[in-house]
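What follows is a pair of complexes built around chain A, which joins chain B in one and chain C in the other.
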Partner chain A sequence: MTDIRLENNGFEDFAVREHRSLWLDAWRRLVANRTAMIGLIVVVVFILSATGAHFFWEYEARGDLDYNKKLLAPTILPTEEGPEIHIFGTDKLGRDIFRRTVHGGWNSLRVGLVAVGISLVIGGLLGLVSGFFESIYLNFWESLVLMTLLGASLGTLPGWIARQPMQIILFAGLGAASVFYDRRLLNRKAPRQVYFGLLGIIIGGITGIFVGTLVAVVCGILGLVIGVLLARPLGGKIFSSFVMRIMDVILSFPSYLLAIAIVAFLGPGLEKGMIAIGVVGIPVYARLARSAVLSVSQKEYVLAAQSVGESHGRILFRHIVPNILSPIIVQSTMGLANAILSAAALGFLGLGAIPPEPEWGAMLGDSYKYLSSGAWWAVLFPGLAIVFSVLGFNLLGDGLRDALDPKIRS
Partner chain B sequence: MGRYILRRLLSVIPTLIGVTLVIFLFQRLIPGDPAVAMLGEHATEENVARIREQFGLNRPAFLDRDALAEGDLNGFFDSQYIRYFRRLAHLDLGSSIHRRIPIAETLKERFPATLELSFLSMLIALLIGIPAGIASASRRNTTLDGVTMVGSLIGVSMPIFWLGIMLIMLFSVFLKWLPSGARLSTGVSIQTITNLLLLDSLLTGNFTGFVDALKHIIMPAVALATIPTAIITRMTRSSMLDVLQEDYIRTASAKGLAQRVVLFRHALKNAFLPVITIIGIQAGTLLAGAVLTETIFSWPGIGKWVYDAILGRDYPIVQGVTLLIALIFLLVNLAVDLSYVLLDPRISYD
Partner chain C sequence: MEPLIKIKNLKTRFHTEDGVVKAVNGVSYKMARGEVLGVVGESGCGKSVHALSIMRLIQIPPGEIESGEIWFDGQELLKLSDKEMRQIRGRDIAMVFQDPMSSLNPVYTVGMQIMEALILHKNMNKKAARERAAELLSMVGIPEANKRLDNYPHQFSGGMRQRAMIAMALSCDPKLLIADEPTTALDVTIQAQIINLVIKLQEEMGMAVMWITHDLGIVAEMVHKINVMYAGFIIERGNVRDIFKKTRHPYTKGLLGSLPRIDEAPGTKLVSIAGLPPDLVNLPTGCPFYARCTYRQDRCRQEQPPLEETENSDHVVACWRWKEI
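Take a look at the complex of A and B:
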């Protein structure tokens, strides 16, 4: 196609220029970035060796034990005493450290992917919806659903206290009513709050009276609060601020202290570690996705889509989501690095993988116990494996940031 | 500004309640009955019942609707969470299960050790990180810059417990220069005033004590300082690079000011705000990182304490210390937010 290029005084004609997609462009920038390529190579080697070892190099951790070979220093060539070579040496139980390190990669990869998956899916969705609700003016049906759900969920508390499922339904109705009577009927004589507050007292009090006077009083007060709250022009922001408050709470713990604490209470295990690391990562993605949505939704193309009457779902998934992907991809890459580090920390503390299982952190925790024997190889190699894989993901993440968003490149 | 400070202070309250809620809910994560977890599996029926009564474990978690139905308003609020919250308000963090010592008391002994370690680490991080960041930014794209950047990237990619073990391996096992654990050698004593040993030994003029304490603290402090150093370096560099592109920097250079003056008086002051945010965040990370570092170096601070508590399933300690660290983290971040107003007159929140 390129040979039909016309003489155009050095200006490239857009119609003739070879068309490239956004992702291809980003890929080319990534390839041109030397440090990013180093990162990519490390990551690919890590993934290939970990999956390759898992599927093609059998290793049974449970039976791996040979006291005759314990604490052998690394050897590259076979010697007269030992015909077998252990390029990383052996540990206290005579296990080949090279083999365990390669197999440990599989566990790190698994933890990283699952933990980032948890944070990304939950955090990303929460952030996406929060940001969208905050920046888009909800239409009638959306407000109706939101306010009904809000009424029902607030009504759960008095409903639970009075053992009256009816209250939940009635408060859901009150929420729906706040949408219907948005501007009509009520606001001339007195503020909406008064009417809704009174309705709340009635709903709470009357259904509560079946249980006892005190219950009726408490439910009445709760009903008043709920009614007044529902009468306020809330919109989608209430969802967003609620979610972000929860995220603030999670963020007010230093991240891996929280992971350690969660696993301490759940009990040790690689799966529990994955969950803990994943949960701790949720707020990062939620905040990132929310702020990206907030900034993208002010862009002209989103306003244009709104003004031609595209549905909100279509705007969200066709116009907003593709445009917030790049920061999220970058964050996920870095997140993998963090998850590997956290998993190693949990393993080291004895809260991650259960012992004979090869896991880098657990291997370090194990070799730490016989440190005074001077077996430096038992400490060095699993640690290097962590450093290289984490460094690889960090380098790749840095490179991806530059490649995906050339504008912010400084 | 007064109103902003007040509003910011008030905004901490819901987060604080949320934090106590999270820590309270930890109790629920324990599989099985917490009373049995406290007493061990061979506990008798009546002992379990007694513990349940004593710790209020037979109360409902949040609110007691049955008590309310019987017309008992106090009983309505007499729940596990509200009891827990009330105890916290009285600075009662509960007691250790095994040793039955109030957590607050042990905390008074152990917290200074962690504080000393964190302070020294932060000092190391600042003394290395900020100059390295400035040097790297002012000589952009040189070998120095490259080395600093690669170094800091390795710093954030390194598990600190691994670095700790390697340091012990090198300096304690092979070279035998430094001790591998504890705060002081046996036989050396320092009269405690603040329980920060470096400070106490200086105050009492105990030079041998000071050297001994320094020898013990230097390895854990360096290990703990790695990540903050790397992050502060990167932040200082990128923040300086932003500022160095400003017009007033070009003006300052153009009128012939020495590079030193331009860098430190004109650029650094303006580049400092993001660095302070990072320092605030790192303060929390340091306290959390203490769990790993202290475990490796047998440092008798709160981190080692939590680790031992986790192994011994002494849950109140884990809860108490986690709460304390979260509180400190919250307060440091609050202080960082408030310091913006003082440091940058352009920012006003009214």
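Take a look at the complex of A and C:
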């Protein structure tokens, strides 16, 4: 055997490179990207003007009305009509459009942040848990919690039909039972599914009997399906496919239609609009997070972390989450643009902000009728505000994607 | 002395849509403390799965350890709780993986990843862990270890990453190091460096090493014993010398024949084993190697040969006709 020369492995020739984190590298790439920087500047101007207006330039929308100044054209210098300058002109109620546009920015920013926050937190968590448990062996407690939750949520349907909340608890129990059932019997699939199917029929049927035969039959059939589903010994996978099918249902609605339906259900108002836009966005983040988790979990460093004896929680939050952040960050930036656009659409239809409140979409909706009388400014400026803020977030998002994942750049 | 690891009739299966894949089929052997064992076989012969079964890193489902006992240092690993098993992983049994490019997490510095196990198992504080990590890095032959700790994996070459992985694996002085084809993804000169490094560290630290590989040539110089696996069975097991000089199984013979030799006349063709390993879903009833064997006879198709002792009690082989080979 040749001598072992640990001291010299040929590495001395290389100077130790300055250490840079992935994030710092990404930031450098972002700064070098001109369109991304334009996007960033637009976004920063938007955020500063919106927050600045909200905190340092008071504006009371209620009572802001002066018919004498109705539909004045934009002016830069004081005219003989009055000392005030309206650089964006005034609208049909004589309100200063510049002021309303800047204040509308605050509302758009709020809608964007809250809606993306809702989609990101709910969708991201669902996707994270689905993907993680689909790709990693569940320990006893994890499968118990997941299967109980699954049983409970599947049981909601027969429970709702029969108006018997008991059923939810019983089906949750059935889900839990599937975990206690000896894992070693998974070879013999048929009997297990027969047992669980029968139990499902009984649970579904019995509570239905108090209500009526038809309900008992319907609930029995549902119980059979749920029982067979719960009998499949694929704890993580069945949970994941359940979550993803719900996401598919949400995605199958045209997004604006669904948002309008939710607002119609909740009632108008900016806050309700935020919730509606947020809910519509959930599936996007859930799918994105799940697919990212699935691919990262296959990486050898996840196996290596397990082989060092790290716990599931630690592996998920220390090894997987940081590695899926970049697509999530990109999607959230793009999502902000999308949410602003959706809010404007809702506002335009009169479903978002309640009237005197300044909101870009509502401002457009209020003023487009005056286009024919030549009041172009009442539509142009809020419209431009929408265009620039959306464009800014999109450019920034594109730049972030290039910066965070240099591999996809051609 | 009590063996470090004693495996009895280990069977690992994967439940897939095509049926039950019988990946490991009743593997039994012992490994002494400080022993270096080579586990050799083609791709898909159950080498890695059997190692992952020892670590209990088989994904369940679809995987399942159907039966068997794995005694490690007086403990039955398959009976431990998840939490107890996590204590063993990394502290008593450590593992080095095949692909150094993906076995380090790109978002953390190399130093942090080495410190991880130290903080987890040795309750060290950050400062002590960092010092130890620097020691480990220089032990595996990375110069300027202190500065290198703050490097990210992408700033390391493949060979350096594998060294870092070895440092990580050795951080808690494990009793057993499982190396799952750690040199496959590296070029030949780096391979030799890594092998030499592991031999040196093994001699210094006295741990047992299980070296999994498909390349008999690699293990020839470094191991004490060899397990030759085929279709999830151990088909021959013995001291290196016996395996190389007194080969008793036609499959091992085929593996040896497929190695290029430096003393061969130029132009000699390498021998390859005809055919493919059997389908692990539908294993044949007789000898698993029957279809590809040049020594086969009728008996081999009907009855599976058990592992039998040869002239040397340490050298066992599963072949009806081992005496003739």
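Note that the second predicted complex is superposed on the first by the 302 of 410 C-alpha atoms of A that agree within 3 Å, B and C clash if a C-alpha of one lies under 4 Å from a C-alpha of the other, contacts with A are read in each partner's own complex, and residues count from 1 in each chain.
Here is the rule we go by: contacts are C-beta pairs under 8 Å (C-beta built on N, C-alpha and C of every residue); 3 or more make two chains touch, one makes a residue touch a chain.
Note that this is a predicted model, so its numbers are computed, not measured.
> By the touch definition at the top of the document, which applies to A:Y368: first (chain B), second (chain C), both, or neither?
A:Y368 sits against chain B, while chain C stays out of touch.
> Of the partners chain B and chain C, which touch A:Q306 in the superposed model: first, second, both, neither?
second
> Decide which partner touches more residues of chain A, taking chain B and chain C as the two options.
Touching more of chain A: B.
> Give one of first, second, both or neither to describe whether A:P322 is in contact with chain B, with chain C, with both, or with none.
second
> Of the two partner chains, chain B (first) and chain C (second), which one does A:F253 touch, if any: first, second, both, or neither?
After superposition on chain A, A:F253 lies in contact with chain B alone.
> Please output the residues of chain A touching chain B within their complex, sorted ascending.
Touch residues, chain A against chain B: 160-163, 211-215, 218, 245-246, 248-250, 252-258, 260-262, 264-267, 337, 341, 344-345, 348-351, 361, 364, 367-368, 371-372, 374, 376, 379-380, 383, 386-387, 390-391, 394-395, 398, 410.
> Using the touch definition from the top, list the residues of chain A that touch chain C in their complex.
1-2, 4, 6-7, 9, 11-12, 16-17, 19-22, 135-137, 139-140, 183-184, 186-187, 233-235, 299-301, 303-311, 319, 322-323
> Taking the touch rule as given, give the residues of chain B at its contact with chain A in the complex, in rising order.
The touching residues are 14-15, 18-19, 21-22, 26-27, 29-31, 63, 65, 68-73, 76, 153-154, 156-159, 161-162, 165-166, 168-169, 173-174, 180, 238, 241-242, 284-285, 287-288, 291-292, 295-296, 306-307, 310-311, 315, 318-319, 322, 325-326, 329-330, 333.
> Report the residues of chain C in contact with chain A in the complex, numbered from low to high.
15, 20, 55, 57-61, 63-64, 66, 82, 85-91, 94-95, 97-99, 102-109, 116-117, 120-121, 140-144, 147-148, 150-152, 155, 159-160, 165, 168, 192-193, 196-197, 199-200, 221
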